[in-house]
Each structure stands twice: as C-alpha cells, then as structure tokens.
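You will see two complexes here that share chain A, one where it goes with chain B and one where it goes with chain C.
Now for the complex of A and B:
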C-alpha cells in the first residue's frame, strides 16, 4: 500500500546574493498513518526547511513529495493552500497565534473560507477548545493566556480540521518539560489511534521513545538511526 | 469573494479601529476638501458670469462706411443715389446694400454708430450672426444721424426692438428710465430721450419731438450709462425705418446698420466676438472694456483652484497608498500564519482589497456629507461680498466622481502591497517577524 507521505530524493538549496546554500540533498523517506517520525539534528541543519517543503509553503529544488498518492511538488499555490486547509495541521515552536484574535477566533481561522457556516465553525472550535480544557478561555486574547494555554490553543488550531498529517516544528522547544509532555500527550492520541501521521522536528529535547522512527539530518544528508 | 472574506475584512477593521478611524478620516477630510473647493470653483464661475455679465458680455458690431464720401464727385454721388457704384468703392461692397440709399443731406446725415458712419447690412446677415453658437441674443438696429433743417439741431436716433435682450444690454433697458415710461413696440409713435440730450434741449416726458417732420411723443427719459450704444433718441424699429426712409434716396428693404449682440456667457465672450468678426469680415466691435481684467483675474484663481485640487487628490492617493502599505507590512506575520494554516493568496488579497474598499467608500461618503454641511453652513458668498446665492454648487455628479476617484485611488493604492504580499514567502515572514 502506498504510504501517506513519501519523499523521494528531495533537495533544497537557497540562492542568496549570488551564492548557493545547499541545505540538504537526496532526502528520501516515507511515513504512514499512525506513525510518528522524529527528525533530529542540530540547529541549522534544515529541519524547519524540510517541514516547510512538506507543508507546501516552500518549493523544493529537486526531488518529489507524494502526499496521499498525489505529487505535491507540481501543485499550484492555490491547490497547496487547499491541501493545508483540508489535510495538514501545523504547530510551531513559538505558537504563532494571531495576537489580535481570541482563542476561539484563532482556532476558527482554519475553518474559514472553506464553505463552512459560521455556526458550524464556532461549534467545532469551541468543542476542541473544551476538549483541551480551555472552555473558560474562549474569548481571551493570546496575551491573556499562560504559555501552556497558548500552546493548547495552537494544538486546538492544529487539530480542528482533523488533519491526516501533523507537522510539528520544535513543538516542545520553548516550554518546560512538563508542558512539553502535555503537548505530546494531547497530540499523540491522533497518531496512535491511526487517524493521522505526525512528523516532529526537534534538536534534541524530544522524547525519542515516543517516536515510531527517528531520522537524523546532518551535513545535508538524512540518515535513519536505530531506535 | 465570499461572505467569509467580508466578515474577516470587517473584523479586521473593527479590531484595528484606531487605524480604521485614521484611514476613514483621511478619506473624509480629502473628499470634503475637494467638494468644498469644487463648490468654490463652481461658485467663482457663477460670480464670474455675474461680474462679467454685468460689465460686458455684450457688444455692438457694424460694417464701417465705405470710402470717403466727400471725395466723390457730384456725378458719382448722383449715380450712387441711383444704385451705380463708383469703381473705387466696389471692392468694399461685400455685405453692403446701402449704395443706393445714401441720405440727401450726405454731409450731415447718415447711418452711424454713435459718431462713426457705417454701411447698411441686411437683416438676413444679422440672423446669420444670431445663429452662431457662441451668441445668446442678437438684435438688428438702425441708428441714423438726423439734422432738423428747421433749427439745425443734429441728433442721433436708434430704432430698436425694445423687447430684445441684446437691446436691453447694449442700448437701453427699462431700468435706465429716470422719468416716464419705457418703449412699447405695440404702441408706435413714442420715443425715449437720453437725459443729457433732454436737459440740453428742454425736453420732458409727454412733450412732442419732431423727427423727419413727424411728431413723436416723448414716453420717457433714460440714462443709458456705460452701454455701448448711446443714441440721443430711442424709438421702435419700424418708426425709425419710416423716419429714415424720408431722408434717403431709396427706402430701406429689411436693412439695418448695427448688430447688437450678447455672448452666450462670460467664458464664450472672446470667442463670440471672434466668431462675429470672422463672419462679418470686420474689426468694428464696440464693447465696454472691463470684461477682460475681470475674467483674467477670475480665470487665474480658477487655475489655482484646479491646481490645488490636483495637489489634494495626489496627496490623498499617496496618503491612501501609505496607509494601505503599512497596513499590510505590519501584518506580514499574521498573513504568513494564515497562509500556513491554509488561507489562499486569493482570499487574502480579496480581504485586503475589501478593507480598502470599505474604508474608502465610508470615508468618502462621510467626506461628501461634511463638504455639503460646510458649503451650506459657511456663508461663502457674504464672505466674498457677492450677493449671489450659492446655488448650483452642490453637484451630485461631481460628488459621485469624487467618491469614485477616492475609491479607485484606494484600490490602486492597496493593489501594490497586495501584489507584494503575493511575492513573499510565508516561511521567511514567520522566521523574520
């Protein structure tokens, strides 16, 4: 069976002011639903760059990405946006919540512009925020929330569209180990229940035992490390 | 574009209400300014028409007399009376019908405009002049210098159609009456006498005055002031024609010697005079002279207002561009987040354009309102010392044009940052901001 996500000979280089920065070349791997792939590597090796390519926010320099049996590298910007909206959940190191919007508005934003009625949007956002224990923080701005609560809003935003692929860039980078554990606890059930696959980029603090597989990015080469 | 886009745009405007307020006020002030300036400009046109209309959008034209009558021999004069034109006069005969209608007393009497002798022209030619677009009204008129052989009194008499606007402006109006009553074409046999002439000759309304051996009753005395045509006597056209016919070799046949004209309006005045000169092939125009500096002064201020309006409009476009630009720049990070969670560039672009549209429409509507209130509340006319009402200065078409301009400027101004946003990488923006 074709895996959910298959990456083949993916390479990325940046061209800045005349010279080329090769971030990585010939990266290949596959991820199935129910799997958590941990991408490790020191800061600056290109983990975020890789997730950027997988989310379709950036274009690869070479190679291909197959997502749900579809070649992603050939899609238009609009099709990529549609793909993110419908199937991919992203979670960032620094939450990236919109500061002027309430917790509910931040979560609802994912469901905007997709033909979902305002009532339905609100229902689904409130539901997931409740699940994550934020029932009494629906109408608070991010600045009025604790770091842990902000992270949970970000998780709610990641999960509200029922993504089949969750991309997490240093999800536990900025928080204390306890909060980090909580984040994983909240995201993991989606993966373990077989509803989604998850790719986590982390430079070390992430608990390796949680991952199905661990790969390491070093000097532009991705290598499988034995668990 | 969907309801969601509009919802999001409105939410954005509400949440950043301070910025929204600033932008909307910017549009409002600019539009109000333009509306008021335009009103002042339109009003200055009205005032210009009043000022110039009051001093000289009218003029008098004629064909100057041919040759030098006194240089003709007895024989040539006798021939002329029979319609035989002397060879040396012939090249001047275009448009002239008067060669066989010279006065018997050719040295004292004749067709004149004030003190200059003229040729005759056909009423048909006057009608041709009347058909010029630049003219509002034209009236043919006869003016003849008489000599009363019984007392050697020399005077000029004008035969006019007193109801014609061109007569009222160029020669005599009911308002010029100092005593008695005005001319009435339906009541022939009555004349008006210029008041200075009346004093010199002891004339009063009700008295009789003899012209070409016919007694006329003096209906009133008038003071014609600065009007171009200043005859001593004013009488209905038909009466003048009858009186003149007794003094010339052959009777007039639908002829006159002066065309009284009124330009369409102040702005057409110069063109009107040029048109008439071209048609008649004459340089002989008589007009009161002060129309020129007046229109020049007002024309200058008009150019200033237009220039000022242009500057205001350019300024408003730049203002709108600046605001829209910074509204996008300060949102690069937020927009990058939204793109990361699946918002398409198209949706974001529509939202930005929507925001710009709402602000410019709201701002310019408020601006029109402010402008209208200012125009109606501030008594510009009394400030300028002009007693003309400020009517016709609230032009709905102009308001629509100004609103359309503001909205268009806003959209254009927001198009640039929207296109810039398209070219940006959301990942870069997330990393950088």
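Now for the complex of A and C:
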C-alpha cells in the first residue's frame, strides 16, 4: 500500500546574492497514517525548511513529494493552498495566532473562503474549542489568554479541518516541559487512532519515546537513527 | 482587522472635501444668483474731463453742483442718441436704452438729488435696466399718455417724507408723485424718475444750450452673463468713436466666478490625489504590519485570491466608514459655517444638490478605497509565508 506521504530525493537550496546555500539533498522517507515521525537535528540544519516544503509553503529545488498518492511538487499555489486547507494541520513553536482575532475567529480562519457557511464554521470552531476546554474563552483575544490557553487555541486551529497530516515545528520549543507534554497529549490521539500522520521537527527536547520513528538531519543529509 | 487610523484619515479627508466643495458650490451659487439678479447689464458712457469743451456737457448754469453724471460722481459727456442703433446691432447685445441722469441742486432748500429720464420709446430695455412696475412699492407706474408725473425712489421719499400724491419741486415746476420704487440694487438708479420729454424740459432750463437728441448713459443688457464681457468690449469700441470709456461692473464678478470654478477643481484634484496616496500608504503600512498575519493565513490554507479580496474588502470598508462619517462631519460643518455667516440658500440646495454632491464624493472615496487597496492587496497576496514564518 502507498504511504500517506512519500518523499523522494528531495533537495532544497537557496540562492542569495550570487551564491548558493545547499540546505539538504536527496532526502527520502515515507510516513503512514498512525505514525509520528520525529525529525531531529541542530538548529539551522533545515528542519523548518523541510516542513515548509511538505506543506507546500515553499518550493523544492529537486525531488518529489507524493501526498495521498499524488505528486504535489508540481501543483499550483492555489492547489497547494487548497491541500493545506483541506488535509494539513500546522502547529508552530510560538503558536502564530492572529493577535487581532478572537480565539473563535482564529480557529474559524481555517474554514473561511472555502464555501463553508458562517454558521457551520462557527459551530465547528466552537465545538473543538469546547473539547479543548476553552468554552468560556471563545471571544477572547490571544493576549487575554494564558500561554497554555493560547496553545490549545493553536491546537484547535490545527485540528478543526480534520487534517490527515499534522506538521509541528518545534511545538515544545518555547514552553515548559509540562505544557509541552500537554500539547502532545492533545495531538497524539489523532495519530494513535489512525486518523492522521504527524511529523514533528525538534532540535532535542522532544520525548523520543512518543515517536514511531526518528530521523536526523545533519550536513544536508537525512538519516534514520537507531532508537 | 480594525484600522481606526485609516478610518480617521478618510474621515478627515472626506470631511474636508465635503466642507470645501459645499462651501465653494454655495459661494458660486450665491455669486451666480447675484450676477443673474443684476443680469448681464451694464452702463456705457463717456467720462468727461472738466477742462474739456463745456458744450459736451450742455454748459450747465451751475457747473459746480449740477451736471450729467453717473454713479458715484463721475461727470459724463452727452452722446448722440443715434449710437443706440450701433449698440443694438452688436450680436451680444440683447437690449439697450438711452438714459439721462442729471444732478439737480434745488434752490429753495439747497439739497442735491438726481433725476433720471425714462424713455418710453425703448420701454423694454428701460424696464429691464432702469425701473419697472416690479420695483413699485406703492402707487402706479408710468402709463401711456402720462406727463409731468414722477416716480420717486424709496430712500429719497423717506428722506423728504414723500408719499403717493405728494408733489416734488424740480426747478420751478411741481410734479405729483404717482409711485414709490424700491431702493434695491439695479443697474442704474435715480432719486426721481421722469418721463423723457419732461426730463429734457426740466434739464434744459439748467443748461446753457438745449439738449439735442442726446443721452449721457446707455443702459445695455447683454445676451447672458457669458456674453457680457464681449458685449462690453464691443460697446466700448462703439463709444470710443468719441473717446468713450464704458465702466464695466460685471467682469470682476464673472472673472471671480471662473476663479472659484478653477479653485474648486484644483482643490478637489489635490485633495483627491492626497487621499489616494494617504489611503494607499495607510493600506500599505497595514499590510506591512500584517505580513505575519497574512503568512499565517496562507499557512492555514488561504489562497492568494482570498488574501487579495480580504485586503480589498477591508480597504473598501475603511473607505466606506471613513467617508460616511467624514461626509456627515463635513455637511454639519458646512451647515454650521454657512448659517453662522447668515447665508441662506434654497432648500433645494440643502436637500438635493448638497446630498448629491456628498454622494458623488463618497462614491469617489469608495473608488479611492479600491484603488488604494489594489497595490497593497497584491503585495499581501504575494507574501512568501515560509520566509515570514521562519523568522518568527
């Protein structure tokens, strides 16, 4: 059976002011639904860059990405956006909530401009925020929430479109270990129940025991590490 | 997504534009009204220099106090009445009437007053430019067959307590007053209006030589305000056969109206450009500030087109809100200023013309909103989310 995500000989280099920066070359791996892939490596090795390619926010310099048996490297920007909106959930180190929008609006944003009625959007956003224990914080701005609550809003936003692929960039990087554990606790059931696959980029503090597989980026090469 | 600053900018710009435009419109309307009231009418005469031939002014017996003049105290020459046909032949001239305006000094009480001669032969023109039944406050106007009766200007009547039925003494004759005329501004005015032959008789008694077929002023009406300057030039040319020098009263007003029109256009153009630039700048900086936010929206799956629409919609909303509030503020400001100046304009202006103007300004503001949003919106749509998000 074809895996959910398969990456083949992926490479990325930046061209800045005449010279080329090779971030990585020939990166290949595959992830199945129900798996959690942990990408480790020191800061600056290209973990974020890799997640950017997988989400279609950035273009690869070479190689292919197959998502749900479809080659996505050649898709248009609009098609990539559509893919993110429908199938991918992302969570960032610093949550990246929109400061001027309320918790509910932040979560609803994922469903906007997709032909979903306002009532339906609101219903789904409120539902997931309730599940995450934020029923009484729906109309608060991020600044009015505790770090833990902001984190749960970010998780609600990641999960509201029922993603089959969750991309997490340093999700535990900036918070205390307890809060970090909570994030994983909330996201992990999606993966363990076989509804999604998850790729976590982390430079070290992530609990390796939670991962199905661990790979390491070093000097532009991705290698499997023995657990 | 709430940009109060930008709304405030629109508000100020719009309030300013609305107030200025309404004020200038109002100003123009008032001037138009004034010019229309005065009509495209003017006096044409030839100033008289005291050292010149006294025959040209009829050799008044009391040249210090009496003589042919025009307002305020310009001595004028007598001109042949036959110039009338030449003036009437000018295409820009609608009507022309001859006029005699003579200053009398009344012997008994020594007061000075003016006598104007009403020419029944050029009745239409005389009525338009000099005095007409519409100017009557009381009594009756000149009728066919009348003679030796006078109309008296209200201010003069008040001075001497004259009423319909009173008599005025001019020279050695008594003339019954048959009507009192209003003192409002007209092309030409006299204290006492006499019929032409009566006036000639009365004036001749004060001159060293009798009047031939002469007049000292021509009352001219041009074919509309726009034609007036041309008509004046041509009449001047006709009178210049005898070194004529017509005094023109309308060109400054007409010129000034042109100036107001130009000012209006200039101010509008400048403010419009400034508004677009301001709005564009404010939208641009909003977009810059919101690069992060836009990158997030893209990361969660918003298409470039959605971002573009969102920015345009916001720009439009800001423009709508700002211009609505601004228009209101501008209108209120205009009302306050115009009423405090004691100006009165037709109701039609307040309820139709002004709101239409405001609507036009608001539409322009909305257009500005779209225009100002285009560039920032397309820039926003092109934001590269990967880069922005990495730097956070």
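Remarks
In this section, the second predicted complex is superposed on the first by the 227 of 227 C-alpha atoms of A that agree within 3 Å, B and C clash if a C-alpha of one lies under 4 Å from a C-alpha of the other, contacts with A are read in each partner's own complex, and residues count from 1 in each chain.
Simple rule for what comes next: a residue touches a chain if its C-beta (ideal position, glycine included) is under 8 Å from a C-beta of that chain, and two chains touch if they have at least 3 such contacts.
This is a predicted model, so every value here is computed, not measured.
When the two complexes are overlaid on chain A, chain B and chain C occupy overlapping space and clash. With both structures placed on the common chain, the touch criterion links A:157 to chain B and to chain C. In the superposition on chain A, A:200 makes contact with neither chain B nor chain C.
Contacts of A:118 after superposition: chain B is touched, whereas chain C is not reached.
In the superposition on chain A, A:222 makes contact with neither chain B nor chain C. In the superposition on chain A, A:50 makes contact with neither chain B nor chain C.
Contact with neither chain B nor chain C is seen for A:91 once the two complexes are overlaid on the shared chain. Contacts of A:36 after superposition on the shared chain: neither chain B nor chain C is touched. Once both structures are laid onto chain A, the chain C stretch out of 57-65, 93-101 or 201-209 that overlaps chain B is 93-101. Residues common to the contacts of chain A with chain B and with chain C across the two structures: 48, 52, 55, 57-58, 77-78, 81-86, 88, 90, 92, 96-101, 109-110, 112-113, 157, 161.
Chain C meets chain A in the complex at residues 1-2, 292-293, 296-306, 309, 384-386, 389-390, 392.
Those residues of chain A that touch chain C in the complex are listed here as 48-49, 52, 55, 57-58, 77-78, 81-86, 88, 90, 92-94, 96-101, 109-110, 112-114, 157, 161. By the touch criterion stated above, chain B contacts chain A in their complex at residues 2, 4-5, 7-8, 11, 15-16, 334, 337-347, 425-427, 430-431.
Of all residues in chain A, those touching chain B in their complex are 48, 52, 55, 57-58, 77-78, 81-86, 88, 90, 92, 96-101, 105, 109-110, 112-113, 115, 118, 157, 161.
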